[in-house]
Amino acid sequence: MTETTYRDAIRQALLDAMQADPSVILIGEEVGLYGGAYGVTKGLIDLFGPDRVIDAPISEAAIVGAAVGAAMTGLRPVAELMYVDFIGMTMDQLANQAAKSRYMFGGQIGVPMVLRTQGGTGRSAAAQHSQSLEAWVLHTPGLRLIMPATVNDAYHLLRQSLTQSDPVVFIEHKGLYTMKGALDVDMPDGPWGQPVTRRKGRDLVIISYSRMLHESLAAADRLAASGVEAEVIDLRCLNPMDDAPLIEAVKRTGRAMVVTEAVVTGSVASEIAARLGEVCFDWLEEPVLRVGGEDIPIPVSPALERGSIPSATLIHDTALWLVTRKAPTWAA
Amino acid sequence: MGRVILTLPRLGETMEEAKVVEWLVAPGAAFKRGDVLLEVETDKTVVEVPALTDGVLLGQLVGPGDTVALDQPIAEIEHEGGDVVAATPPMPAQETAPSATAPLAAPVLTLASGPRPAASPAARAAARRVGADLTGLQGSGRRGRITAADVTLTLGGDGVAVHRSGAGLPVVLLHGLFDDHRGWRDLPRRLVAAGHAVLALDLPGHGDSASAPDLETVLDRIAAALPSGPLRLIGHSLGGALAVRLAMRLGGRVDRLILSAPVGLGPRLNADFTEGMLAADTPAALGRALALLGAGPMSATALAAELARMQALRAGQAALAHAVAQGGFQQIDIAGDLARLTCPVTVLFGTDDCILDWHCVANLPAATAIHLIRGAGHLPHLAAVDLLVGLVADTRERRIAAV
Amino acid sequence: MTLVQTIAAANTAAVGRYRTMRRIRSFEERVGELFLKGESAGSMLHLSIGEEAVVGMTEAMQPGDTFTTHHRGHGVFLGRGADPARMMAEIAGKQDGYCRGKGGSMHIADRALGHLGANAIVGGGIPHIVGAGISYRNAGSGQISVAFFGDGAMSQGILYESMNMAALWRLPVVFCCINNQYGMGTRVDRSAGNRDFPARAAAFGLKTARADGADVEAVHDAARALTMDARDGRPGFLEIDAYRFFGHARMDKSPYRSAQEEAEGRARDPLAHARNRITAEGIATEAELGGIDADAGAEMDLALTHAIAAQPPALATMFEDVYAPGSPAPRPQAARLSAILSEGVRA
């Protein structure tokens, strides 16, 4: 067990995977000499050389396309997309090529690659460098989708991603890179595909992932002071996702809230809320609430950016309102 | 019947808002057309707001001191009768003194969403399990929404599940051994429709209730789970014996006792039933034991589900079964207690009961009313629901007992 | 116009280009200060110091011409007449910035001055000039549209798709690559198999030129020829061979390049080059140029002060401009949650 950062846990996972499996290669913009835009791949080019740590031109579509081809022919590439916002340029390679090859070609040609990228707000990086686009990925059958929230998950989920037979989109959060936490390289937080309950509670379930998990946990701490015990579940793996633990918890509490940083319309939160509504209908005391980003592009102004995504305060206030019917000051 | 929102009517020509002075009808209480629901203070004077129909006040949406604008909601009511909007407003009380040329507008009643009461999905599911009708139930949730807790209330702290429905004088249902609150089938709904509040309990060790080691503990827990105030008790089989013991404990609070095929009146109990129920390890074996109840055939699927439920509860139920009968001989005697009870008591038996011998009614005190249901088995109350519903409301026997 | 008059006009124009370049540099220096004061919206500030000779292109354009830029576009926009105070306010995320605090450094735009938008997606704005070119060709308006981008975009497929269309359809457009030698931390020799960028454009049938980015007059001469051709339906490609004096963004200390390389690169300073030429040819004196420098510094100090003092946008403005005026704005989350959770009457 060591204390490390989310960034270094990802770097460690890449390093360990590359040492364990010579077929693992990295390809992306600035992954080599520069060490990654956020320093995740620092020093790896010195250890593994430019044939396995490949600095690519600013050609996102071809980076992902090349990773698809490498995966088809025996390598296990980790393509890095500097910002998830750039996924639009790679969408054909990702959604039409990587995701569908196994199916279209009758199971002959799998694409065991990982697309590492990062998203989220927090740096006033504006509308094209701050988005949370996981829903675009979730909507494509054939793609796996992983979003780690903890240091330990950052390591283990990436290692597990590098054992999958199908393409995995692994989305980190730029606001978590410097977060410190415990890393136990022998003990994952939970099995692949399963959510983890980060806090037990009887009054409602807050379901979240990535950075919003931490806002949700902070909200749960404050709720406890008001006598409301919130269960907090970390999704971790958005696809595949075993929703049985969510369903069990919602049946137990009758109240649920799904928290995402992404714009709420058409979001992962919408999908989860729909599933819970379908399956847990007879157990629900209240509608399943979605708390997410406003339905707007991310503005550059720091105050507007902060105001456009959920905070611990918003989550706390909404949960308290849901459970105790105590309206917050911002109630319209 | 319809659930509607009552809004503040215009009570004077210049009135645009009014301050609530006092409510004269409490939530849950019934009112008659013309009854004063509340008093409000307008720009001129204190005015009474009368009811335009008979009904029940479900919720007060404003409280004393609140200032309410014209046409804003003040109460949610359940009204009876015909077209509310067309109802003629009653003459205002004398002190309101409206000008003769400005007749009072009727309180504006808007249909909430048809007659369907607001209830959470969980409450609806709970109501389905109990067989209860949500109509008339007081909702404690957001916007008066009925919650599952309003339907199923665990009143006691000892894990006794109480499935509550309806409003009115409470009728407590105590089921028999190996059964649970669902065994009453349509009865709770029928009782609610007849104007009762129904509290269908799961006995300890049955349904959703925690198990208890002996009958005294069972009684303690049931007693703790009951609301205060007067009650009527209906007990079946073991529940019948428990109802008698409970009536002894509660004294004057129980004003009606109806026992359906109660244990504790004769010497024998068919051990094939108790032992068959406890030993059944296949749906077919369970089916053979259940057949002794005389409740009709069950599907293989239903039997399998029932078996799974039984097996989970078996340990707790075995102890109670042992307390009821051993080797085919009953271990309980309620005849003595019945002789000491002063409330009216009615006993139902089926003449084809395969578990208890209906002739044991001969041991009942003379004041007890006895109804024999020809051809019914051990569940006579299911064969005579109409009779039972009528008996709950019937107080003639009280007069007889009082003579 | 007599020869004397022509020379005088050219001389005046050369001093004007120096002035614009100095204003760009002063502006960019104050953007750095804005960041250091903690007043910028974020740290993704990409300075164009060393690339000021782009003024040679912006001055070859006419009023009514339009353009798109990359994320390093402050200089281009100042060259097209931007108000530095409103630019700086936008970079600070303030309400009276060009984009009302929504866009920031990487997304400045101004319809009135023909700025169709700065872009944070490499190559994102390039195809827009193809569309603009269709508009102007079809309207016969005589306008041109220019895409400004860096050497990084030379690796984007969309550039090649766009150049092919421009040549195919004979559109009034110019592709202007400001080659500052670096795409983030990657020097151009590590991203391009063949560094002859004009040759790539020529292969599509564009008229091409490469100009020394240290010499604004050379850039201007090349740009004038290309823009005149573009107006006649012969699209062009210009590479300005420059050097990025500082890191990729404000925080980047450029560990990936040597001090010697930086010294050599910074020696190719378009301002110093212009200054030497103007004084050597007697067009203006050192003192006169010093006055220009001082004026530019004072102007940009005012822009900085203005940006810091300006008001941030009100929170509710975040819902404005997602859709056109008259369309319903997105429903705020607080309103949605309140509709679900508030007490009172069921609708």
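The letters A, B and C name the chains in turn, as written, and every chain counts its residues from 1.
The criterion applied here is as follows: a residue touches a chain if its C-beta (ideal position, glycine included) is under 8 Å from a C-beta of that chain, and two chains touch if they have at least 3 such contacts.
Here the structure is a predicted model, which is why all the values come from computation and not from measurement.
In terms of inter-chain touching, the protein chains here all touch one another pairwise. Comparing chain pairs B-C and A-C by the number of C-beta pairs in contact, the larger count belongs to A-C. Taking the mean of all protein C-alpha atoms as the reference point, the chain centroid lying nearest to it belongs to A. Distance between chain centres (mean CA atoms), chain A to chain B: 50 Å.
Centroids of chain B and chain C (each the mean of its C-alpha atoms) stand 77 Å apart. Chain A and chain C have CA centres that are 35 Å apart. In chain C, 341, 343 are the positions where the chain touches two or more neighbouring chains simultaneously.
Among all residues of chain A, those that touch two or more other chains are 325. In chain B, the residues touching two or more other chains are 142. Listed in rising order, the residues of chain A touching chain C in the complex are 29-30, 33-34, 37, 55, 57-59, 61-62, 85-86, 88-89, 123-129, 264, 287, 289, 291-292, 294-297, 299-304, 307-308, 314, 318, 321-322, 325, 327, 330-332.
Of all residues in chain C, those touching chain B in their complex are 341, 343-346. Chain contact summary for the complex, chain B toward chain A: residues 120-125, 141-142, 147-148.
The part of chain B that touches chain C in the complex is made up of residues 5, 61, 73, 112-113, 118, 142-143. Against chain B, in their complex, chain A makes its touches with residues 254, 281-286, 325.
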